[in-house]
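The same subunit A turns up in both complexes below, where it pairs with subunit B and then with subunit C.
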Partner chain A sequence: MDLAIATGIQALTGIATLLLISLGLAIVFGMMRVINLAHGEFLMLGAYSAILAVQAGVNLWIAMLVVAPLCVGLLGVVVERLVIRRLYGRMVDTMLATWGLSLALIGAVTMIFGNTVSGFSAPLGSVRIGAYSTSGYGLFLIGATVLLLLAVWAVLRFTPAGLIARGTMQNAGMAAALGVPTERVYALSFAAGAAVSGLAGALMAPFSGVLPTMGTAYIAKSFITVITGGAAMLAGTASASVLLGGVNTLGTFATTPVLGEVLMLAVAILLLRLLPQGITGRFFRRAL
Partner chain B sequence: MPGEGPGRASANGRAAFEAALGLLAAGIAAWWLPQMLELFSIINATVYTAMAVLALSLALVWGFGGILCFGQAAFFGLGGYAYAVAALNLPDTTYAVPIAILVPSLAAAALGYVMFFGRISDVYMGVITLTVTLILFNFVNSTAGEEWRIGAAPLGGFNGIPTTPPLNLPGDPGTPLAPEQIFVLAVLCLGLCYALCKLVLRSRFGRVVVAIRENELRAALLGYDVRLYKLGIFTIGGAMAGLAGLLFANCVFVSPTMFSLAYSGQIIIWVMVGGIGTLLGPVIGAMLLQALTAWVGTLPEINPNLILGLVLLVAVLAIPRGLQPTVAGWLRRRLPEDAA
Partner chain C sequence: MHRRTVLTAAAGGLAAPLVFRHAALGADPIKVVGIHDASGGLDIYGKPMVATLEFAMDEINAGGGLLGRPVQLINYDPQSNIQLYTQFATQAATRDKAAVVHGGITSASREAIRPLLKRYNTLYFYNTQYEGGVCDRNCFCTGSTPAQNVNRLVPYIMQKWGKKVYILAADYNYGQITSKWVVKYFREGGGDAVAVDFFPLDVTNFGPAIQKIQAAKPDIVLSALVGGAHVSFYRQWAAAGMKQRIPMASTTFGGGNESLLLSPEEGDGITCAFSYFQEVDNPANAAFLQKFKAKFGAGTPYLGGELAMRTYVGAQLWAEGVRKAKSIDRMKVIEALESGIGVDGPPGRTVLDPKTNHVTLDVYVAEVQNKGFKVLQHFPGSPPSDTQSVCDLQKEPNANKQVVVDVRI
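Now for the complex of A and B:
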């Protein structure tokens, strides 16, 4: 029984991690049909801004939950202005430009902080479950991810801004005809996606260690999670995270971490072969 | 296009002429350069040439087939590893050459079957090719132990296979080729691949492939099986990338970095900067950017990633058509009464 609970928590942590690192990308892709290949570096910068804030004496929680999303959100505004806005509707060019941005950010951060691992240890100690113990921070991560998902959903579902965002997502031309400044909506969506990525990067920092190339470890995973999810950004990302995160954790238990990851990627490819429009192309079609 | 020659026969003649010109240039380079260069520069030049072949493979698949492949490095790596493993197991490394080309071709055919017959759209194709590359990278990286060996070849995990033997004279296993000879071989391969690309694109098959890139639906409605043509060009591209991997294995050695995201990214940057939809552009792009990376690598305080990233960013924003079309267009405006 204890083993089952411990394993369950492990699986939930894996799922939450996947969801957390994918959500920012999902928002940007779902709202704007822009694939941001610099997403991994947004996560990395979120982690670095949290570390810098902690080193400057800011409280750990404020650094992770406020400073990181704020910094990366602002960066998102700048990037949207300088790069993304010039390439709307040119999906492949956007991918390439953001890939260039990704390389440049890795290079710049390596030059400033060096190619070394820094980080801070996970707060909250450990929690005992019978004969097993699990990290309290892992439980916090699961809770935080659920809260974040609910918050994004609530904003989109219940606020006037969310209504405008959903309208723009469905039919940008019609929204513009009704007087919605779609350019501003896109700019804000990109900034919001970047802020969520920054938050995710900071939250992941105690687990993963922080180094300039940490984004490359995440980008492919979040990429396939979002694509496997399909058009509905929240339901899709959540269901894909559950499926792929579950497969990853179980595969890791059964074999090795590397093979667990290989298994997850293989399942994702198989799924795209069966459901070319992603999970929400077939199921939960009316969800957000 | 108007003004490009009166008919198809002369266009074919011109393609054959250009292909022959490419071969001739390769021949001259192969004869002249080894006399001019030091050993280290020759090995470097071989690496550049291998990369140019790799750039050519993506130029064909992406520029003319319209298939955005984020995983050309996968076939490059497979070619290299197939060569290394076969060369260590076979008495004569010449026999490893067809294997090194066949394995990545088959991999490309299998992957292409999944993608094209699954009717997966553009962007998703990028994701799948990227993911496959990542799987291979993770897998090869984790093959460090003694239990991971194919015949006499240990896979070696992240260390790669430093014992990769070079090619020998066909039929004479005792005489391995010298670096100069490998270089000559690489340049000839580049010339051959260029000529092959030219001829493929001038064939009926190549014309249909370009038509599909221009308008997939229209080509399908005209009765061409789009999936088969895409599969064909993708497989040719895979084979060519495998050849590049073989050349690379002969001047450096194979290691998991051949599968890395950095390589996949670089190939795309070469083609993008050189010019999508051209053959010469990506070759030039590969050479120029390799030289740039090597030069920046000697500067202590600047990270090469920063420069590469900025080059790509600026290329996409400022010269979206790439170097070759931009320069050629500029020249044509300067010389309006072009003799050709």
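Now for the complex of A and C:
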């Protein structure tokens, strides 16, 4: 029984991790159809913002939950102004530009901080579950992810800004004809996506260590999750995270870490063969 | 994603060759090339190794150089990237025409450049503790091997903690082979391994592994994990509250400056065996550390376990070989080295074994204490018996291989 609970928590942590690292990408892709190849670097910059803030004496929680999303969100505004705005509707060009941005960011961070691993320890100590113990921070990660998902959903579902955002997402031309400043909606969406990525990177930092190339470890996984999820931004990412994160963690338990990853990729490939439009192309079609 | 490494590689490649010139000694310098990862995931080992190699070369030059010539050290930084290893090794052999190459940290990097340097007839020193079995007259392995370190570590921890071990190892030749040795020594002592798990070098999430360990209920956890990413295992282990419940030993922890990366609460008590620890208490070590600190000042790296010290000793052994051969000709130096050269230094006495080109050395068992080590046991004069059992370069001078020692378990 204890083992089942401990394993369940571990699986939930894996799912939360995947959801967390994919959500920012899903917002940008879902809202704007922009494929942001610099997504991994947004995560990385979130982690660096947090670690620098901690080193500067800022409280750990403020560094992770406030400083990191703020810094990366601001960067998102700048990137949207300078790069993304000029390339709307040109998907391949956007990919190329954001890829260049990702290389530039890795290079810049490597030059400033060096190609070396830094990190800070997870707060919150450990939690006993019968004969097992697990890290309290893992549980916090699960809770934070659920809250973040709910917050994004509530904003989109219940606020006027969310209504405008959804309208722009569904039919930008019509929204513009009704007087919605679509350019500003896009700019804010991109900044929001970047801020969520920054937050995710900071939350992952105590687990993963922080280095300039850490984004590369995440970007493939987050893309697979978003694509497997399909058109519905939140429901898609969440369902894909549950499926792939669950398979990965349980596969790792049953076999080895390598086979766990292989199993997850195999499931993603199989799924895209059966459901080319992603999970939400078939199920939860009317969800957000 | 290779494209991402391309840019960092290109940028680093331009900046990498740190050339140290010694104008004081006028003659044509003897070129020594060092190839160590001073950046990337392995920099926790590489940076101190670069420092000790610089120190050794400065010391040689301060003593008048070798054969009346100064030595010139050329350092390359392969950035924890195997491709750059082969590139820099080729450069060292063909462009720099190095008298000797010191370098390689992981066994994977060694096996990338060892055959290459043999082909180019360039003398090679590998100064890292590793899994044993390299049989190549051109390659001198000056670090300790499982018959020297694991052989001492396992009886100590079994006697102290119990007979059931859970092994976590890095997923490449070092981890694969070393974990077999650990199992062998545990079985010889009447114990056994409940499980062996392997992790690629970029794995950072050890959550599932930690739950599996709890389910298996071992007496001891033994880590043969490698590099900066794997350091997160020790953090997660402590965060899960496991440190108070199951004691840990490691064949790799503290080889570099891992102990500095963890807080005392996370690190204290991890038990390791190496052929040197910075805390080894003898006059030679005290004198060395004093001079070392004088050179690097506030930036003095912590040496931890043996990797950096073995690099220093490797450089000393090579210099002894050159002095004895009165030449930097590769074969003459090899023959001089194989005449049974030894040096006394901070880790104790190191003697080259002409049969295997490995070394007989002192081994220490120590535990992490307050970001450093506390030395618990000292075993002088341990021979590399694992490699000796499979390699005889006197009989087979043309051997060029790594024999995987058939660990009978």
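Things to note:
We adopt the following convention: the second predicted complex is superposed on the first by the 288 of 288 C-alpha atoms of A that agree within 3 Å, B and C clash if a C-alpha of one lies under 4 Å from a C-alpha of the other, contacts with A are read in each partner's own complex, and residues count from 1 in each chain.
The definition used in the following text is that a residue touches a chain if its C-beta (ideal position, glycine included) is under 8 Å from a C-beta of that chain, and two chains touch if they have at least 3 such contacts.
All values reported here derive from a predicted model rather than from experimental measurement.
Looking at the shared chain after the overlay, A:262 reaches subunit B, while subunit C stays out of its contact range. Touch criterion met: A:110 reaches subunit B and subunit C at once. Once the two complexes are laid over each other on the shared chain, residue contacts for A:95 go to subunit B alone; subunit C is not touched.
Of the two partner chains, subunit B is the only one touched by A:87; subunit C is not. By the touch criterion defined above, A:220 reaches both subunit B and subunit C. Legend: residue contacts after superposition of the two complexes on their common chain; A:271 is shown touching neither subunit B nor subunit C.
In the superposition on chain A, no contact is made by A:79 with either subunit B or subunit C. When the two complexes are overlaid on their common chain A, residue A:35 makes contact with subunit B while staying clear of subunit C. A simple residue count on subunit A separates subunit B from subunit C, and the partner touching more is C. Legend: residue contacts after superposition of the two complexes on their common chain; A:209 is shown touching subunit C, with no touch to subunit B. Across the superposed pair, subunit B and subunit C both touch subunit A at residues 99, 102-103, 106-107, 110-111, 216, 220, 256, 258.
Across the interface of their complex, subunit B is touched by residues 35, 83, 86-87, 91-93, 95-97, 99-108, 110-111, 216, 220, 223-224, 227, 256, 258-259, 261-262, 265-266, 268-269, 272-273, 276 of subunit A. Against subunit A, the residues of subunit C that register as touching in their complex are 1, 3-8, 11-12, 39-41, 43-44, 79-80, 171, 197-200, 202-205, 207-212, 214-215, 228-229, 231-232, 235-236, 238-242, 245, 261-263, 266. On subunit B, the positions that touch subunit A within their shared complex are 68, 114, 118-124, 126-128, 130-132, 134-135, 138-139, 141-142, 261, 265, 268-269, 272, 301-317, 320.
Interface residues of subunit A facing subunit C in the complex, by the touch rule stated above, are 3, 6-7, 10, 13-14, 17, 99, 102-103, 106-107, 110-111, 114-117, 119, 121-122, 124-128, 131-138, 206-209, 211-213, 216-217, 219-220, 249, 252-253, 256-258, 260.
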